[in-house]
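Structure, as structure tokens:
All chains are identified by letter, namely A, B, C and D, in their written order; residue positions are counted from 1 within each chain.
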Amino acid sequence: MPVVPLISIILVAPLAAFAFFGLLSLTGRNYARQDLVSTAAMLVAFVCAVLLFTNVVADPDKYSHDGAEIHSLTWLPLGSVNFSMGFLFDSVTSVMLLVVTIVSSLVHIFSIGYMHGDPRYPRFFAFLSLFSFSMLFLVVSDNLLGIYIGWELVGVCSYLLIGFWFEQDAPANACKKAFMTTRVGDVGMFIGMMMLFTKFRTLSLYGTDGIFALASNLTTADMTWLSIAGVLIFCGAVGKSAQIPLHTWLPDAMEGPTPVSALIHAATMVAAGVYLTARMFPILTADSSLFIAYVGAITALVAATIAIVRFDIKRVLAYSTISQLGYMMLAIGAGSYVAGLFHLTTHAFFKALLFLGSGSVIHAFHAAHHAHDHDHEHDHAHGDDHAHGDNHAASFDSFGIDPAQDMRHMGGLRHKMPITFVTMLIATLSIAGVPYIFSGFWSKDAVLVEVLYRAISWNSVHHYILFSMAALAAVITAFYMFRLIFMTFTGEPRNQEMHDGAHESPWKMAIPLIILAVLSFPIVNKWSFEKYVKQPAQPHVHAPKHATYDASQDVLHAQLGLSDAHAAEDAHSEDAHHDAAAGHHNPDHDKAHNIVVPLSFVIVIVGIGLSALFYYWRKISADAVAARLRPIYTLLWNKYYFDELYDGVLVALTVAGSKVLGLFDLRFIDGIVNGVGVVVQAGCARVSGWFDNTFVDGLVNLVARITWSIGGRVRRVQTGMIQNYLLAVVGGVVLLILIFRALF
Amino acid sequence: MELNPQELVFYLFALLTIASAVVVVTIKNIVYAAFSLMVTLFSVAGLYVFLQADFLAATQVIVYVGGILVLILFGVMMTSGSLDLKLKLERGQLFWGGVVSLTIFGLLLSVITNTPQWENVDIGASQEPTTRKIGEMIMKEEYLLPFEIASILLLVALIGAALISRKEVRDE
Amino acid sequence: MLSLMIFIPLLGMLVVLFAIRREQEELAKRVTFIITLIPLLIAVFLFVDYDRSAPGHQYEEDMMWIEAFNIRYHVGIDGLSVTLVLLTALLGPICVLASWKIDKGIKAYLALFLLLETGMIGFFCALDMFLFYVFFELTLLPMYFLIGIWGGPRREYAAIKFFLYTLFGSVLMLIAMIAVYLKSGTDDVARTFDIPTLIELAKTPGHALADPTFQIWAFLGFFIGFAVKVPIFPFHTWLPDAHVEAPTAISVILAGILLKMGTYGLVRVNFAMLPEGMDFFCNGEGRWGNSLAILGFINIVYGSLCALAQTDFKKLVAYSSIGHMGFVLIGLAARNESGLTGAILQMFNHGVISAMLFLLVGVVYDRAHHREINGFGGLGSKMPIYTGITTLAFMASLGLPGLSGFVGEALSLLGAYSKFKVLTILSTAGIVVGAAYFLWTLQRVFLGELNPKYEAITEINGREIATLVPLGILTIVLGIWPSIAIDMFREAVSLLPLVQ
Amino acid sequence: MSLQSYLVISIILFSLGIFCVLTRRNAISILMGIELILNSCNLNFAAFSRYVTPPDDISGQIIALFGIVLAAAEAAVFLAIILAIYREFSTISPDETDTLKG
């Protein structure tokens, strides 16, 4: 299958759908069936993505290496430096294309039902199309500039879609926050790009004069520099993939319509950060890798703990997403490209499913909600004490949570919404990592194995710590995900009115759920994934000096070199990870595997068991535990005070600073004549007292004032009598002549 | 020093010019001043004759005496409320005016006396009447354009003067 | 060709002044609109016809003007000017459309506007230093009257401030210009005002013009003259006042073109003609070596932060202009290919985008009669098209890739980074703050609940859309395919004294 | 009867004219002063034409002629203005028409 035309179609189809909307709306009209246009465009893109995938299947040896096929054009020729734009096609791209088009198509279909009746219905689909275009563009770009362009475009689509219901304050705030927070990360990424560009004079990734080829020739003297560049590029991923410390926007982004959360904030855009980090894999150094791994692990753990105490069903899923993204980062930081991308793929499907499922629940509740009058809503907000048994957050009242998303109002929905229940249960089992049957197990298992393998083979304390954090996060994940299922679908209905109004969603919404549920089984399995995706070399990652790993590994390489031509080819790159990905012939790897698989059973049993004790059998009262652990609970409830830190300190300081600066400009710069002297003499301490004296503009005013006063004096000369003037003129001439005569 | 009649007449005219000009400047009655100015103009015309500028002399008499002076007298009469106006002179203005005029006089005089090439220069002049030559130069040669411009200037002055001096007609 | 373009607006001014009676306001507007279309057509033709591969100036016209001082009427365009001429010519008709609602003294207004256009186009075409200066000053007077007569409540103050500031700058510029003229020759060798000749002379080793000390002082003179126009901190305080008081179309011209005259002058004179002076202030060494980049940095961060503090919509846009011109400055200071290309592109793009922004402010001001950002709210539901276009303009202005603002900013910073690492990294803070104030404004004006006062506010009308659409298209097209513009001036940039 | 004698007459007229213009308090007197000045100039032209330039070049006289024409035009406009002023202010004394006073 020809690559360029197909990719072009993939890009053009959704863009055309958006352009159709955009041009039409300039005339003040909308096409009512924009949904069909956008969905059709997405399905076309999906078909093309499948066709492209057949290339990979046909020739795995070629496409399994990153940067396999590149078609690039000069985009911005400056003379000696040129920026190019182009398509990159390899197995990773292909997988990403499939993931994006599948999830996007399904979300489009789901939205036809979910968004039905919204006053801005056509606009929603147009934005979805624009987003799909941007995301696909990001994925197929062969250079950092292209990725950055797609990167910012998905950001702005996310902004538009989070703020879709902008009449309410919460989405309006959330969309701004999302854009700003990711932008902070993007600036880091941009600085990283500037560093790379200044060094290599290009932003292309592949090819003989691409960044990777040039970076592989760097010596140890440049390692610190390269580490910093890598970390800065990773900053972009931190913002976009909501890693700590830039994670706070993602939970707020749940103010957007739920299909948007499923598409953008679970499956695709947030995964773009992981994709970027994976793409930059070859330039990561040991230091930057470790940094990434730590950020990932901390994020996984912190987000998981916060998720335990959330009541908003979408917020739980949001923190779960952050946590899972942390896993992917951890995998890549630990040197396993394959495991990271594998987890990305599986996660995209089951997390999209979870979000769409929650959307289905919310839709049902909203429908129920609309059936009631306004007073009822009021009742729910205040009357939860007696209405719910599960009320261990009584002191943290439900203010701020949409009643239709509040799990304390749910319960017993499994009979009302069987399809939603079953599909969501599958996804939950998958994310919890129930062994063998579900895709989530395989990918999470792969991550844990890789980290542990690194710990064992390098004898690295860091990786042991990372591994324990990841394992702990896995337990918590199983716990809070089942808490969600139990609170929503089992037990007795806690809000009878809403419960009565709820019903199973229409088929348009159910079908995507079913398809995604199928995809949550190991359709995408480890073996096929590892067949198609091969880990690129990391020339700058070496085993730590203290490790006993090097010598034995060299021997191993040598032995394998005789038997396995492919391994020999990679042997010179000193890259042990390749074998790790291939996996099966490495004793350390086997060892790790043998530890992780039983551990997974333990994790799942402990996590689900605890959850069931609390929320299914209700043997332990969550309220009591919360009361016992009050400080910890408060900390978690307040999300480790990240928001307070940012809003109260950073944002407030910036705004206050800008106000001061604005006043400064108005008063001070505008009047420094006296100010400068004072500043110089008395120093900045007394500046505030002298704000009224202005500086630069004051200089201008001073000129004006001097002119004014001179004019006031000189004006008396103007007697209004012509002859006086004439006398002055003639006298002046005479005087001049006299002077002239005297001089010459 | 011997004076031939011609020179005698010349000095007479010169004296007349200066004396009458002094009267113009100093006398308080404006009508007398105007008549005194007429004497000045006449004697300047006489001086032109001595300079072999016969046409110029004639023009001087016709335009100045016949035109401008009459105009001035009309002006004096039309603003007749101040016919016998006692001109008051401000002391400072008078003083400084005198200083400036005298300085100018001194300056110009020194220029004349300090310019040796003007001493006794007399390149001679043709004795034939100048009217024909002036006519040719104005109508045929290089002064055609200035002449036309002068005529337009006069026209403009005519219209302008008429426009300014007529009673203002207010727009309704 | 160029003279035609320069003087047609002047001719049009006479037509408007003398051939149209005072009552025929509609006719006057239509005639002016058609007149401004002619330079646009010529500019488009030039843009298409311009030989992109040839360096140097094209369409030159050269004749003696004032012989005694060897002042020539020498005009010509290179790639740098042709883009700006196109921008000027494009904004002409747009501004006339935007002025449609002006009701007092429309005839005089239009006449002054046409005079202004002559000045601007002439300025970008002039190749003789004296002519350059004459056109520079020629823009000043109409601008003064346009602000001072048709402006807001504090118009006199703003107009005089603008006038004095600019005059102060141009006096220094004049001194520097005369100094350059005097140094360009001796009593035996003819002196000249001709810019290409001067550029050559300044490169000739041993020539009086090439003397570094002289160049530094001349650089300062020109720099301050242009800095007031750009405006560069601390000469910027006229800008917010002038913008706030000026009528919409004049704000558009002010931000779109007049600011570019400053940076254009910096490139044309300071950069090309005074390389030694430029080197002194941009080489990154010594006490003064970072000064240009520091000014750029201050402009970016200071302008952006001040914009964040504003509650007047127009003032916010004005301060954002200061911030964006900082990118031009820092790109120039880099003196390399990408920095300079970025700076020039940013000049053009900022002209387009800020023009859009001011037009948009004008649209809402015409309806609400105030510009207090906090006084709006929720307009998004009442004016969807207006909101959409505003979002586009804001996104372009905050440097969203895919729209034109990004390419210029990114190239400037990429170029600057290779020379001024720390300053460039600090300047990127401006990108974040830029996003902050635009998004915050977007939220305060368009998002949230509808302010009940504006229940009846009307959607943007066809005439207003017509002013915005060409600019919007340009924003998108240049964002996707910036080579259209860059092809124009690549050769011109390569002729400048670059330092790699 | 040399060039100098004419020139001396001319400068005396000139100085008197200047003095008149500067000191007289009546607009018509000022006009007379101006006429004196113009006459002195014309006299100068005629004198130089007679003594300095070649006999057949009488450009000086023609210039003087134009001077007379100018004087006529000037006098006409001047008097018209005086009349207008008189109507407006009922005086022609320049120190009472001082609306130019700052």
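Definition applied: a contact is a pair of C-beta atoms (placed from the backbone, for glycine too) under 8 Å apart; a residue touches a chain by one contact, two chains touch by 3 or more.
Quick caveat, the model's predicted, so the values are computed rather than measured.
With centres taken as mean C-alpha coordinates, the chain found closest to the middle of all protein C-alpha atoms is C.
Looking at B-D and A-D, the interface holding more C-beta pairs in contact is that of B-D.
Averaged C-alpha coordinates put the centre of chain C at 55 Å from the centre of chain D. The centroid of the Cα atoms in chain B and the matching centroid in chain D are 6 Å apart. A straight line joining the Cα centres of chain A and chain D is 91 Å long. For the pair chain A and chain C, the distance between C-alpha centroids works out to 37 Å.
Residue positions of chain B touching 2 or more other chains: 93, 96-97, 100, 104. In chain D, the residues that touch at least two other chains are 18, 22-23, 95.
Looking at chain A, residues 723, 727, 730 sit in touch with two or more other chains.
Considering their complex, residues 160-161, 164-165, 168, 234-238, 240, 302, 305-310, 337-338, 341, 378, 380-381, 384-385, 388, 391, 395, 400-402, 406-407, 410-411, 413-414, 417-418, 424-425, 428-429, 431-433, 435-436, 439-440, 442-443, 446-450, 459, 465, 469, 481-483, 486, 490, 493-494, 500 of chain C touch chain A. Against chain B, in their complex, chain D makes its touches with residues 1-9, 11-20, 22-26, 28-29, 31-33, 35-36, 39, 42-43, 46-47, 49-56, 58-59, 61-62, 64-66, 68-77, 79-84, 86-87, 90-93, 95. Residues 22, 25-26, 28, 75-81, 123, 145, 148-153, 156, 159-160, 163, 166-169, 171-173, 175-176, 179-180, 183-184, 187, 190-191, 193-195, 197-198, 654-655, 657-663, 665, 669-670, 695-697, 700, 703-704 of chain A are the ones that touch chain C when the two sit in their complex.
Residues of chain D touching chain A in their complex: 18, 21-23, 30, 94-95, 97-102. On the chain B side of its complex with chain A, the touching residues are 93, 96-97, 100, 103-104, 107.
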